[in-house]
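First chain A sits with chain B, and in the next complex the same chain sits with chain C.
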Partner chain A sequence: MSLITSKKYLMIFKNTWDEYSAYRINFVFWRVRVVLRFLITYFLWSAIYSSQQNYFGYNRQSMLSYVLLTYLVSNFVFATRTQDIGSEINEGRLTNYLLRPINYFTGLIARDISDKFINFIFTVVEFVFLLNIFQPPIFFQTNFNIVVFSIIGFLGSIVIYFYISILLGFIGFWSAEIWGIRFIFMVLLDFFAGTLFPIDILPAIVTKILLFTPFPYMFYFPIKIYLGRLSLNEIILGFGVLCTWIFLLKSLVMIVWNKGLRIYSAEGR
Partner chain B sequence: MLIHYIRIWLRLTLSSFQVALISRFGAVLFTVAKLLRFGFFLSIVYLVMNKTNTLAGYTLSQSIVFFLTYNVIDTFTQLLFRDVYRFRQKVINGDFDLILIKPMSPLFRVLLGGADPMDLIVLIPYVCILMFFLFQTNTSVGLFAIYILLLTNAFIISTAFHITVLALGILTTEIDHTIMIYRDITSMARFPIDIYQEPIRALITFIIPIGIMMTFPVKALFGLLSLPLLLIALGLGLGVIGLSLLFWQIALTKYTSASS
Partner chain C sequence: MTSNIIKANIMVALMYPASFYTSSLSSILWIGLSMISITVLTYQSPELGGWNKHQLFAVQGVYSIILGTMYFMFGENFKKLIRLINKGDLDLLLTKPVDSQFLVSVGENKIHQLSRVLGGIILLTYALSALHVNVGIRDIIQFLFFMLLSCIIIYSIWFLLVTLTIWLTNLFNIDELFTHLTGLSRYPLEVFRYLNRYLFYLVLPLVIITSVPTQIILKKPDLWLMIAAVLVAGILFFCSRMFWFFALKFYTSASS
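And then the complex of A and B:
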């Protein structure tokens, strides 16, 4: 990528940052919501494990560590601007991007990095604050290899969510009903990706089936690696499924994008 | 006067239903998502209770009554107050001016501007399932009457929250998430608030009274609510609705109609 090209995407990064700066209170309230949602999950599991017993194969420390890590990971994975794609297509604003001398997907990545960067800053501050307030029992992984595996899994989570979110946005090429499907996806994500609880507390057969879907690889998989609760075989198999999904989703995104552009009529412009 | 406003509300609700029916597919998707979420959370309650046997001393069927009561209150208020979610846009684009010049209470119009048909569809099964569990509960007619009284009180407190959100919408147009923060906080009461430790429990009982809204009715039903707490709950309900109306009046005087 040349220097001029890099500057273009840096400008997109900066513009996204500026958009957040323009609506500061709105953003602060968004962060309040994020913290609240975490606290609700944390308090619930904290209450269930108040008697220090083991349930679902987790003790208090491992379950609360899981919930805390979910907060960190979900803040980073969920921070995206790809949810705007559907309305951009429906309102014809996609044309603005098509006319510019930029690669649409690289532009999306630049917007997403900016979004993740600003959310990351807030998440770290909130995380340190919450740790000091509640002083929860946290599990620190000391095995370097496992930490590296979990970071790779975490990067895979970002990519997989990015592609799925883009695909949901591309529904806008064919339909104005973009939010209903996204709402269903968010509900499924809450329960099958492991944001509210580790999916292995579900019946074994349900967990096994879910592990072949992309959902667990957005949150559950990297956190389970970090907690050291997956064997090497399970990690290798998990990475195999993760890579397969990334390949399939990337191919699907390009197919849908090309088909969608053919019928895109810039309606609303 | 009341009949006049009931007629207006019916007219607004009819329009709201017609708007929803324009995009039937979207309405179906949202309804499916809501029912899925309900089913999943119910499964979680069952799953947790299956392992722990009791949650803060409550049995499985009692915990389900807590969960269902939360859903009925939450859905019923969404059904009635759906227009509150659209209020910020009305202030930003100046449509609120058009409401102010109409010969009706602007608060009535922005608070009860048409019921949401999707919430009505999901409310019916919620009420049926709740009734099923209520019939299995060993309770008296008197306790059931207090349960209904506290459900009404919950509705009054919820109305006060929604009026406060509307008033905030006038005072600062930057806030887009206030109503969702309210929803997030109330979701803490999916489970009985007794599971939370102090000072969180006191905070969500007396400062942000979601415990009084969602947990107190069920505790009364099981005969676990003392008379002083019942009186505090009813007094707090009246207090917050009075304060919210006062806040609305103050906010209204600050409206500048700057965007129209």
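And then the complex of A and C:
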């Protein structure tokens, strides 16, 4: 990427940052929402472990670590501007990007990096605050290789959600009813991605089937690697499925994008 | 007049059938997955904060009925209110000889939210039959009274948040924050007993929304919580009115 090209995307990064500065109360409300979501799950599990020492093979420390890590991972996975795509198409604002001498997808990545960066800053502050208030038992992984694997899995989870969210936004080319479908996806994600509980506490056959869908690779898989609860074979198999989904989703995004552009009429402009 | 409003809302719902179907599907999915989640959570530990699986189903049912009713009644109207404040068009309503809080709160209904209410009623009925609870007329009247109080609590909190847009005109994600705030009501009060005292009292108004009506219909009422529900509903509704009239003093119109 040339210097001029990188400067363009740096400007997109900066613009996204500035938008957050302009709408800071919205951002604060978004953070309150994220913390609330974490607290509800955290207290739910604390209540369960008040009468149980071990739950489906998870002790209190490993389960609360799982919940805490889900909160951390979700801060990065969900920090995306791709949810705006649907309304940008419906309101004709997509034209603004098409007319500019930039690659639409690289622009999206620049917007997302900015979003993740600002969320990262708030997450660190919140994390320290939550640790001090609730003092949850946290599991620290000391095996360097496992930490590296979990970071790679974590990056994969960001990419998978990025592509799925783009695809949901592209529904806007054909319909104005995007919100409902996105809501259904979020309901499914809550359950099948392992945000409320690790999916391996479900019956074995259900877990096996789910592991072939993209859902567990958004939360469950990287966190399980970090907790050291997956064997090397399971990690390799998981990365295989993860890469396959990334490839499939990327191809699908390009197909849908090309078809969508053919019928895009910049309605609303 | 009321029948005309209902007719108009039904026509709007029929104009956007996709929205109706996705909303119904998401309600069914949400209730189904909530039931599976509770079954999983109570699989090895039969009770959660003293509530068994079917009692927790009842809590989810009550939550669904209340939230569905609130979104049906006020969801569209509060969205419209935010738009009116943003565009400075609120004075068109303020000049009418009707109570302004009433006028901005009613008018449009989200018919498809009724699928959520219906799902909640089915879940609650299933839970009560599984628990072999015999519900009499007196229980239903008491239950409906406390459901009404819960609706007043939620309405007041929601309205207080929406009123903030008179100062914070750039606020557009109040809806999402409200949805997550009410998420605290999905589980019974006992789940939050591990919070420190101050935080517990902070979440209390939200948690009693479902806990009190559920306790009543399950015939295990807690007198102190019932009194708290009456007080919280009264105080919050009073605050929402006072705050609205106070905020109107700072409202600046764009058209006049």
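Everything that follows uses one rule, which is that the second predicted complex is superposed on the first by the 267 of 269 C-alpha atoms of A that agree within 3 Å, B and C clash if a C-alpha of one lies under 4 Å from a C-alpha of the other, contacts with A are read in each partner's own complex, and residues count from 1 in each chain.
In the analysis below, a residue touches a chain if its C-beta (ideal position, glycine included) is under 8 Å from a C-beta of that chain, and two chains touch if they have at least 3 such contacts.
These numbers were taken from a predicted model, which means no experiment stands behind them.
Colleague: Using the superposition on chain A, decide if chain B and chain C clash or fit.
Modeller: Aligned through their shared chain, the two binders clash on chain A.
Colleague: Which partner does A:F105 reach: the first (chain B), the second (chain C), both, or neither?
Modeller: A:F105 sits against neither chain B nor chain C.
Colleague: Considering each complex separately, which residues of chain A are in contact with chain B in the first and with chain C in the second?
Modeller: 23, 25-26, 29-30, 32-33, 36-37, 40, 43-44, 46-48, 50, 55-56, 175, 177, 180-181, 183-184, 187-188, 190-191, 196-197, 201-202
Colleague: Any idea which chain A residues touch chain C in the complex?
Modeller: 22-23, 25-26, 29-30, 32-33, 36-37, 40, 43-44, 46-48, 50-52, 55-56, 133, 175, 177, 180-181, 183-184, 187-188, 190-191, 196-197, 201-202
Colleague: Could you list, by residue number, the parts of chain C that touch chain A in their complex?
Modeller: Those in contact with chain A are residues 16, 18-19, 21-23, 25-26, 29-30, 33, 36-37, 40-41, 43-45, 47-49, 168, 170-174, 176-177, 180-181, 183-184, 186-187, 190-196.
Colleague: Could you please specify the touching residues of chain A with respect to chain B in the complex?
Modeller: 23-26, 29-30, 32-33, 36-37, 40, 43-44, 46-48, 50, 55-56, 175-177, 179-181, 183-184, 186-188, 190-191, 196-197, 201-202
Colleague: In their complex, what parts of chain B are in touch with chain A?
Modeller: 23, 25-30, 32-33, 36-37, 40, 44, 47-48, 51-52, 55-56, 172, 174-178, 180-181, 184-185, 187-188, 191, 195-197, 200
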